[in-house]
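In what comes next, chain A is part of two complexes: it sits with chain B in the first one and with chain C in the second one.
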Partner chain A sequence: MSPVDLLYTALAVALFGLGLGALALSARPLKKLLGANVMGTGVFSLLIVTARGPDGATDPVPHALVITGIVVTVAATGLGLALIRRTRSASKD
Partner chain B sequence: MTVLVGVGFALVSLALFAALVATPEAAGLGALARSEIAETGVSNPVTAVLLDYRAYDTLLELVVVLLAAVAAGALAPRDPAPAPLDGPVAEAAAGLLTPGIVLVAGYLLWIGSKAPGGAFQAASLLAGGLILLEVTGKTPPPRSEAASRALAGLGVLAFLVVGVGVAVAAGSGVFLDHPAPFAGSLILAIESAATLGIAAGLLALFRAGTAPA
Partner chain C sequence: MPTAASPDAVLAALVVLPLAATLGTLVLPRLAPAVATAASWANLALVAFAFGTIGGETWLAGWSAPLGIGLRLDGLAWVFLAFSAPVFALAASAGRATLAEDGAATLWTTLIAGVNAIFLGADLFNLYVGLEVVSLSATALTAIGAGAAAARAALRYLFVGLGGSLLYLMAVASIYRATGTLDMGLVASIGLQGPALAAPLAFATAGLLLKGGVAPFHFWLPPAHGNAAPIVSAALSAVVVKTALYVLLRLWLDVAPQTALADAAPIFRALGLLAVVVGGVAALRALRLKALIAYSTVAQLGYLALALGFAAEAPGATVAFAAFAAAHALAKSGLFVAAGMIAKANGHDEVPRLADPGAAYGPAKAAVAIAGGALAGLPPTGGFLAKWTLAQDAAAAGAWWVAPTLVAAGLLTAAYMARLATAMMRDPPEDAPAGEDGPLRGWSALALASAALLLGFLGAPLAALLEAER
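Up next, the complex of A and B:
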């Protein structure tokens, strides 16, 4: 791994760890959802680093995975937010 | 206690990093994806992966967006809609930015066959433009939440129609196989429908939080 790859891998893992911590330690649903989003961002960053092969050529498969993943994350976050609002209005009654 | 658990997560991250650094580098699928690209009808390898090699994944991903929009729409009761943003900044942002956003979304969709771009990028941008109109009180088409939810199925529909239609017409019976001479046009048709479908799905997700005005 080149020094740049090492730096990006370290940052991606740090994002993943921060998100995992927020997901596990926070009692608030919104913070958990944001934590899962930060974890996902870490995974996407990692996939982008691994897309750079040893010969310097870019592997398109991880890039396609990340694009798919981002759209799925947006959809899942939207559904998660709707669920959070629903539980909040249910617990008010 | 929280500090202790935090230290635990830091150690897990460190172990993860060590494992990633120790993993031997592999060649990946880049060479294979590039050597077969003439068959796919597009020259951008990422689009080739999304719409040709792994078309199944992309079809099911559009189903995920549709399902999320339908599920979020089913979660009643709603909060009342917040007052729309107004004032000169909101007016100018909606009036000046939206035409540019739509233009760039169209460009991204078109350029996706040969350079970075494609249906997902175009749809995200288009959805951003539609939501900008929505929060400034200029309800964009499709005007109702139900219509935007129904339109979210457009990409799935195009994928299925093209997939089944081509399999029957070519007599090959292979679902989602795009024959080389028409592959580029078929992919652009699917991507155009997918762009509108994903953007409508994201707009439906945004609208799902509030009661209809």
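Up next, the complex of A and C:
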């Protein structure tokens, strides 16, 4: 593994850990939701590093996985925001 | 196995049919509840038909591994489909009012598509997509027509689902990094070792235990299952939690080497015991009826973890796992539907104040009695079959403590179910809201509970079905 790949891998794992920490430990729903997004970004970064082959060739499969993952994340974030809004409007009643 | 029909068409149809119904609910919003109910029954018919294609597999769009996405129907996958499909069909029939709520029918058929895709999935990433589809549609279903408490429970459910899915996805990414493939069979044949195997297994197991509600990761389950509409609670506890535990079983059985499962077995046994005790005691103390049933789910999920803990030594433990999953799914969905009717007839759902809802509720009361017996593992129910199989396998593996533990857990189950039985013997209060709640619901609940009873007589075919593959 080249130094650049190693750096990206370490950053990806760090992002994943930071996001997991926010998701698990934060008390605020919005922060939790952002934490899940950061976690996802960590995994996606790891997949993008994986796509870079040793000889410079690019493996398309991880890219396809990342695109699918982003679509899922957008849907989940939308649902999360809608639920957060509902808990807020409900607590005002 | 005989292949009368082409597995390609049948396996693809199991995923495509509910998805097409999802589109149908969007195109014909007025007919959405009818479309969802019809799709649930068509799905049941398709699963029955798929029995003839067990052992088949198909590669979507003709792309084979390592690039393509495979769907595979083995005995285990068929058993899981076969107990989920009647839950969806009967619950849809019992809950037309819930399905008429805005968006519910669309989410219901999407849930079925995701569940089928997971049970048929032979590709680790496709399983992730299935888990997310199930998790998101289930989360949205719990929030249907709900107040602040349910919205908060749904939000917590979403966070648990997201965290679990992303832990699993991290495992998938690490496996792809190490092997260059996502096909479960190919990954197994490559034979990962050391940290390259242990790290993804640890991530995936943590994520799936969280999503599966196995103690001590069950904190989210009772509020989510206890605040939803009855048929949603039925689908969540019968099928949705099982999808995560099914992936967990597949991962340890089909992807990880047997020695790894043997090493991890004590963890699964300990978690299983913890779940049985924690869930059982909480069910005994629960004030609200739906909380009681939800904590009972926590306890029953412990049996699945316990069975997984013996799967390395005893091949029959897989039969016990499937039998526990099926018996619980059928009994618990019947119980949730019946409990919803009884609580509605009483006008509240506080267990100490519940009373007999009257003669019109005969099928619902019978469903409660039969489901209680199946959950406690009384012979000849499916619950007994599962316990008997597990106790024998555990004894063969030298774990003498399992049989008495299962008996004690059965007594605990009987104790909390007895709270419900005594309630049914109390005379109704004078001011109880009158009115019948549609006979279809009661009969649906009774049909589900009776299926859990009948399962007890199917031990030999179940074992034959599961052992044909291994």
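Rule of thumb we're sticking to: the second predicted complex is superposed on the first by the 93 of 93 C-alpha atoms of A that agree within 3 Å, B and C clash if a C-alpha of one lies under 4 Å from a C-alpha of the other, contacts with A are read in each partner's own complex, and residues count from 1 in each chain.
What we mean here is this: a residue touches a chain if its C-beta (ideal position, glycine included) is under 8 Å from a C-beta of that chain, and two chains touch if they have at least 3 such contacts.
As the structure is a computational prediction, the values presented were derived from the model and not from experiment.
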Checklist entry - Is A:K32 in contact with chain B, with chain C, with both, or with neither (first, second, both, neither)? => result second
Item to check | Touching partner for A:V72 - first (chain B), second (chain C), both, neither | outcome: both
Checklist entry - What is the contact status of A:L20 with respect to chain B (first) and chain C (second): first, second, both, or neither? => result both
Checklist entry - A:G40 contacts which: chain B (first), chain C (second), both, neither? => result second
Next on the checklist: Under the contact rule defined above, give the chain A residues that sit at the interface with chain B and also at the interface with chain C.
Outcome noted: 16, 20, 24, 46, 50, 59, 61-62, 68, 72, 75-76, 79, 83, 86
Checklist entry - So in the complex, which bits of chain A are touching chain C? => result 16, 19-20, 23-24, 29, 32-33, 36, 39-40, 42-43, 46-47, 50, 59, 61-62, 65, 68-69, 72, 75-76, 79-80, 83-84, 86-87, 90-91, 93
Item to check | Of all residues in chain B, those that touch chain A in their complex | outcome: 2, 5-6, 9-10, 12-13, 16-17, 20-21, 25, 27-31, 33-34, 45-46, 48-50, 54, 57-58, 61, 64-65, 68-69, 71-72, 75, 77-79, 118, 120-121, 123-124, 198, 201-202, 205-206, 208-209
Checklist outcome for this item: In the complex, chain A touches chain B at residues 1, 6, 9-10, 13-14, 16-17, 20-21, 24-25, 46, 50-51, 53-55, 57-64, 67-68, 70-72, 74-76, 78-79, 81-83, 85-86, 89
Item to check | Complex contacts: residues of chain C adjacent to chain A | outcome: 67, 125, 129, 132, 136, 139-140, 143, 147-148, 151-152, 154-155, 158-159, 162-163, 166-167, 169-170, 172-174, 176-177, 180, 182
